[in-house]
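As structure tokens, here come the structures.
Both complexes shown next keep chain A, but they swap its partner, so chain B is in the first and chain C is in the second.
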Partner chain A sequence: MQRFQFYNPRSVEDALNFLAEKGERSKIIAGGTDLIPGLRLEEIRPDFVLNIPEINPFRGIKEMDHSFWIGPTTTFTEMVESNLLSRSFPALVQSAASVGGPQIRNRGTIGGNIANASPAADVLPALLAHGGELELQSKRNGKRIIPLAEAILSPYKTCFRSDEILTGIILKKLELGTRSAFEKLGRRKAMARARMNLTLLLRLNHREEVSELRIVPGAVMPVAKRMDRTERMLLGKKPEPLLIEAASKTLAEEMVEVTGARWSTEYKIPVLKNIFKRMMKQLLIV
Partner chain B sequence: MKKRGIGIGCMYYGMGYGFSRPDVSAAEVEICEDGSIIVRSGEVDYGQGSDTIFCQMVAEELGIRYDTIQLITADTFATPNAGPTSASRLTYVTGNAMVKASRAIKKTLQSVAEEILGERDLLFLDEEIFSESHPERRISFRQLAKEGHLRGLPMVETAWHDITTKDVNPETGQGDAYSTYAYAAQLAEVAVDTETGEVEVLRIVAAADVGKAINPSNVEGQIEGGVAMGLGYALTEEIKEEGGYLKTRNLGEYMIPTSMDVPPIDPHIVEVPVSSGPYGAKGVGEPALIPTAPAILNAIANAIGVRVTELPANLENLHRLIREKERD
Partner chain C sequence: MSKEPGKTLLKMKVNGKAVEVMVNPTWTLLRVLREELRLTGTKKGCEQGDCGVCTVIMDGRTVNACLVLALQTESKEIETIEGLGTADQLHPLQKSFIKHGAVQCGFCTPGMLLSAKALLEKNADPTLEEIKRGISGNLCRCTGFVKIIKAIQNVHR
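Moving on to the complex of A and B:
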């Protein structure tokens, strides 16, 4: 193990002061489930490691008038056990439940999943589908709020500045009648990196037409994003089987436009289509 | 769509090395003055439970409790060679050496007991040695051990067991290559997701002929462990290599099944004693694993009519076969 100084801040202010001074040479540690392997493999060589799970204002889940606030060091286990989240964002909770195994879920945090920006992350794409926003804080600039969709620049790279901490995740409440689903495909039933995951949010109007649709596949593109062309195809229309079939083709095309054809596309194209159709069918039965 | 299927896999397996390759094992049994026992053997118990069953064997022969035995194993400085823990051979080969060494030392003890008790029809049971016809004539094992030492008799015996076979005829390939064979059969029930290529193994029923189960729960453990390994071999485990370099470099990438992936396993112990084995026993290590992959692949074929001829039958490989079948 390499050598570094471990700093345990006593407060938010303490942590922000520390980063203002030493941010460039520091790494934040939350659950450590990504950071520790990175240190072991010497992919990163920080001089300082800043420990944030003991900062109380970074924990917990709060309900506001029109939104929810989730603390960055909230663990996946805490998300799964939260009645508040399970009621309001079932697909998000499913994504948290799909992470690794019990040990990883007990340590790994929602903030770490975002900040690590892995292309294979499970919770990050689900949050994207839910229109998540990030609250970032630094000593120099105070607080800023940005959409999650703008935060991930490339694999493992975020727009966070070196003196900033992700201090909260904000999710607007979903409109009544919004249905959601998450599915993960892995090589085994636990401790498996996603081969692919898919989050869908769907709402129909009183005429049974699609009034809202969000489609975010994960682990198939360098950076997960909403598939807007496919979403638009279905918006305002009745989701008939033929239309869903056509939309599934567009969805696969949208993916290939980003990734190009690789050895794995031969598998990913039909399977993404299949999972999409299957999940749409399930959401429409509800 | 999820489709279900059932498949069978069967195997027979030659115990030990066969084909005239040297296959020997040694064990040493020493009786201490206080009646406790020290057993030395180069055998390695890396989890399969051989230490336990060797203590059981020595205890069975000497009529003592098996927790009075101290086992010293796998130390080239202190233990006689038992050969490798491989080829499912320890119970069968080293087990015989254990029984032989125990019987040799029992003979010495028996002569001492005959002299002391003045009886010849002696039984060694529950830490005591007594006459069948006059059960009141008895001596404790502990006392007998002490008497042996007082008389200056050899209280340590080494035995060497050799199962090396003749080679087969080099021209015809005919002959009996192995000292004995193990047999096993397994049934697998699977659900195949035709949309993703995902295979879920729902249940495995596994029968193994072990000759004699020296320790039945040990055998069940071996069967269950073997099935888990066979499942990984069939569905997920893969070592990727590129230009001579390993691309699969750690267990995060080499997908062994987790406890969530292993289905309910229903083990059946079949006992057809083999005269050349200790108490009729033979090995079960590899026989527990070998039928699993064929049973799973046959179940996949039964479910979706696709024959897998290359392992692992993972998501991509199986889905490619499914697509090829749809195209035809």
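Moving on to the complex of A and C:
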């Protein structure tokens, strides 16, 4: 590893002051599960490393009137153990539970998963399906709030400025009756990274028609996004088996449009279609 | 932070004892345990979080010591395999591993034992699925896991 200086800030203000001065030459470290391998390979060569897990206001999960706030250094284990999250966002908790093995879940954080912006991330696409928003803070500009969907610019690149810290993740409460599911596909090997995943959110109205649908496949696109063409196909309609079958084809087409034709020749298309149909069926039984 | 570019004093607790050691900011917890504190029961393998042979318990939770910077462990309590049992007073898990033939080359064993310990502390009677999940961050190239799982299941029998 190239030499760097390590700074352990005592407060949010201390951390923001540090970045205001040295942000361009610094890297934030939370759980370090992405950063430390990068430092070891010297893919990243910061002069300073700013340690944020000890900053208490960055931890925990809070319920507000219309939303939830998740601290950026909340670990996957803490997300999985949170009754509050499990009750309100089961699919998000399933995505956190799918990460790595226990040692990685004990260290890896929700903020690190977003800020690293890996195309293979699991929790990032689930958050996207939930319409997550990010709270960013800097000394110069104070707080700003942006939708997660606008924060990831390209693989491993976010719109965060070098003096900014991701200080919170905001999730609006889902409307009553919203059902959700997350699944990671392919080989059932705990440590296998870059396995395709799928998050679905579904709500029906009193006529049993789809009134809300969000579909986000993960670990397949350079930058995860909602499959709005497929979503629109089902909106306002009764989710009959034939329509779901047709929607699964549209979903596959939409994926190929984003990822390029080569993707379709792989095993992934039939897998994605089947998992989509199965998850829809499961959500409709509930 | 020390102004000099050199080493920084790290204070933590290892296996119940207060430890003070001068460390370089680039060192991992694994390096400090093995090379500064000479606690070589914690093994060095892939150094990228995949194999789990470097597993230790930090403030009650398992971590890969190769993926924690030493200075991130300031004021923390670390538990290594050296703290689990002694040669004449083995931990029940260690006895069970021996009884069930769960140790072959032994390279994965320290990390495996600590993952098993952390699992049993949270869940005294885990199901087969829960055991598999609990040790899914620890690879064993010799035993094929069956004997390890038996040893964990039968630790109190």
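Note that the second predicted complex is superposed on the first by the 279 of 286 C-alpha atoms of A that agree within 3 Å, B and C clash if a C-alpha of one lies under 4 Å from a C-alpha of the other, contacts with A are read in each partner's own complex, and residues count from 1 in each chain.
FYI, a contact is a pair of C-beta atoms (placed from the backbone, for glycine too) under 8 Å apart; a residue touches a chain by one contact, two chains touch by 3 or more.
Quick caveat: nothing in here was measured; it's all calculated off a predicted structure.
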| task | Check whether A:Arg195 is in contact with chain B, with chain C, with both or with neither, and answer first, second, both or neither. | result | first
| task | With the two complexes superposed on chain A, say which partner A:Glu266 touches: chain B (first), chain C (second), both, or neither. | result | first
| said: With both complexes superposed on chain A, which partner does A:Tyr156 reach: first (chain B), second (chain C), both or neither? | reply: neither
| query | Given the touch rule stated above, what does A:Leu185 touch, chain B (first), chain C (second), both, or neither? | reply | first
| task | Considering only the touch criterion stated at the top, classify A:Ile275 as touching first (chain B), second (chain C), both, or neither. | result | first
| task | Determine, under the contact definition given at the top, whether A:Gly101 touches first (chain B), second (chain C), both, or neither. | result | both
| remark: Comparing chain B and chain C in the superposed model, the one touching more of chain A is C
| query | Where does A:Trp69 make contact in the superposed view: on chain B (first), on chain C (second), on both, or on neither? | reply | neither
| message | Quick check on the output: what are the common chain A residues between the chain B footprint and the chain C footprint? | response | 101, 190-191
| request: Write out the stretch or stretches of chain A touching chain B in their complex. | output: 101, 185, 187-192, 195, 264, 266-267, 270-271, 274-275, 278
| task | Name, in rising order, each residue of chain A that touches chain C in their complex. | result | 1-8, 29, 31-33, 36-37, 39-40, 49, 51, 53-54, 77, 100-104, 106-107, 190-191
| query | Inside the complex, what are the residues of chain B that reach chain A? | reply | 195-198, 236, 255, 257-261, 314-316, 319-320, 323
| remark: Within their complex, chain C touches chain A through residues 1, 5, 8, 24-26, 28, 47-50, 52, 55, 61-64, 66-69, 71-72, 74, 115, 118-119, 133-139
